């Protein structure tokens, strides 16, 4: 992928927010500037109108373009394969491969651990998956246990992702320029548990709570869903590879335009 | 089960809300009065303190007891087995049996349809299951399409269930004596979609939306999870078999006591 | 007003929800059937399209009309005038008169109490008024203290009112046919305090909490705002004079149509 | 006040969050470090336990203390006195003086405008005041109209203030180190209007909407409430005088401790 990144100077993205999410996932290192056109209705990530593409592209090529650096999250999943091997020795590794983790993530094996690393633009979701039972995870911040989250799950999102799934789960909407990470519980068992916003740069870690009786599932921008067991952990911090998004008007205007459109019509996610 | 019901005059339930949910599920027809003790902390359904069981049971046996009739929902799932047979002829029926639907539900086969019928005390949940994608279902009321729900899913609950999973999804809390059915979207895509409360006695129906690309999953008081495909439907109405719950003090006091306790500490569900 | 009521067989209301609220306030006893046309966009209370008035009125006069009985709340404010007299003897009574309470309400003086009684169609609101400080009131149900509410205030509404101010404060939306009363805290200090729904027919009472340091204000369908002091109380129960609203299509269709329209565009209240 | 600031090296604050709010309001310019003890239960702003004051103060004097710079908002209210003079020539200026605006704020008169400037630590609140009617204000960001807010009002808060009144109005909770400003509607008429978080440093402006029929009221950390009319405006930006708060443990621990305590027990504000 680094190869791709080196050869590409500008990404032109045609579609919806999902298209841009996919495009950015192709660049796990640095990302070239992205100019995103919405083919349907105006999205949060796709400010340009396709009908005007000639003049808009010309303007950008002339250098008349503001850029928003949309932060991403670097997510590292460390799986305890020894424990897994003990339980179900034969079929776990192939499942990982089936999920495309080995080729896409940077995996390695030390002390029986397999590590997967990914950059996400919207969010990491930890949820109860196919289970009907509450998920029960512990949240650490800079190595210290902050809280346990019981409920349908928890969303760790960028400001960009605050207007996606996190908004549906009750989060406030954060402008992409705010250097922050948002943690949003999904249908939490504790009615007073609110979404929280912490500074960009902290390291979050999520594990199953010691007394959790069910595994949870993690997904990355709605993709590569996989199971998290006791002994595994998910580490999340601000990525050093943001997505440089070319603004249509400017940072403020674009964001509020998309807010107005999407909060009225319904946000789109996953 | 009707046999059981005929032989039992009083249920004494020791445990938590989950215990009472289970106990009531054993009575798919009429239910004898239930006296429920909480072994842990005070629950919504378990008002009696175990330490006082001698005097409390004595009082009840003397006839000094107010009763709340907690309404249940009668849920009927109609599955189009012909369509399934076309797809995956060999393994669907066994899965049903594995989920315990045949023995517990009243199933029959006419025109390739299999019907399952159950009474729930808290709620029917329709959700996206193991999928990372939005669920997309249509909601009918008395045969008329009312709305589509896009999001993590939808909860149809009794007033009793309004303080369980529905509360975590943002619902208001309904006293068990209000004759109503509550419909609560789970993390809806439309930010203005609020939980709605309709009169007891209406017939609700849920199906996959015609353009839904993913199946959804249904569960009954957190149990008997199963997949819903195009062609299937879920019919829900107020059951004529409520659960007669013996009050500890009275209907008003018991409910507000349990509210005070549980909204502070966190509701418990599933 | 009873006179008016006796002479009128049908109310035809042209305007918006506010017009109907006002019209119904003119009938403090029984109310003739109301046929409400929206002159602007579709409201919750005004289902008929004005353009079609000829045919619609004709249909109704022929007797082809379903009717929803929209419950009202009977609100009784008992003010301790002796206490007031002690404090500010000269100017309180005139203020009452200025607010139009004496002529419209049924007031009397016994033991220095002045009683005001009103029927509301949407809600009674108790709030902090011009104060910047939290309001602090106690809520009684059937004579028993249920909870204290600290925050901006509390809304007691009918199902009809659940889609007005209460919705803005986070309440679920209740179909007008559900026999219930809704209690919704406004920006409560306790983050786990949810709106609650109790059966129609209970008697609610609101007073200042004993340790409240600021008076609160009460208003009735957004009108007749007045101050509540220590010693005063507000009693609320379901009125025996509902508003018979003529349906345009039927009860279910009308309500969901207005929901769809108004949750997308923004509810209207006060 | 600058005089005070120059002579004071350390503020020791005994009481609750309100005490610290008041103390910080005394320093309209730069603020010396604040060490805040809670005399009641743990607050958001008062991490130190009074019982341990000897050892805690000693530690701080030795220089062993982490400091959080809690951002404040600089709020400038520009009132069009000419317009007011036309309306009510005799009594407006005295009211201002009564509210303490002249001595505390930096006021001046140019072109008939009177300007008041204040630093707030929690929030600026614009609300409907004693009116029963919706407030209707326009919100500008960096000079551009972003949105109109119809409802009970709007809260512009610091991250510190996000856990106060804004939380009661539904906002997410922002760590004090996130450089941001939060805008939270109070009971908004539009059900999809969510709290939004914008980068520190932007300039917000609030005015009555052109078609607003009622004045609104503004208050500053719950104080100095005053009326805003057509022609007035409120300008808000991040202050260059934050409040240096001495941490008890460290920034992360203190904040999550206070969150855990206060979300369970109820936040305190105003």
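A, B, C and D label the chains in the order they appear, each numbered from 1.
By our rule, contacts are C-beta pairs under 8 Å (C-beta built on N, C-alpha and C of every residue); 3 or more make two chains touch, one makes a residue touch a chain.
Here's who's who by UniProt: A, B, C, D = NAD(+) kinase.
Treat the numbers as computed from the prediction; the structure is a model and nothing was measured.
Because chain C and chain D share one sequence, their contact can be compared position by position; here over half of the interface residue numbers appear on both sides.
Chain centres here are means of the Cα atoms, and by that rule the chain farthest away from chain A is C. The distance from the centre of chain C to the centre of chain D, each centre being the mean of the chain's C-alpha atoms, comes to 34 Å.
Here the spacing of chain A and chain C, counted between their Cα centres, is 46 Å.
Each of residues 167, 190-192, 194, 263-264 in chain C touches at least two other chains. Taken together, the touching pairs cover every possible pairing of the chains.
In the complex of the two chains, the chain B residues touching chain C come out as 141-142, 144, 146-147, 159, 162, 167, 171-175, 177-180, 182, 184, 192-199, 202, 252-253, 256, 259-260, 263-264.
Residues of chain C touching chain D in their complex: 125, 129-130, 132-134, 150-152, 165, 167-170, 186-191, 217, 219, 222-223, 225, 263, 265-270. Taken in their complex, chain C has these residues touching chain A: 190-192, 194, 264.
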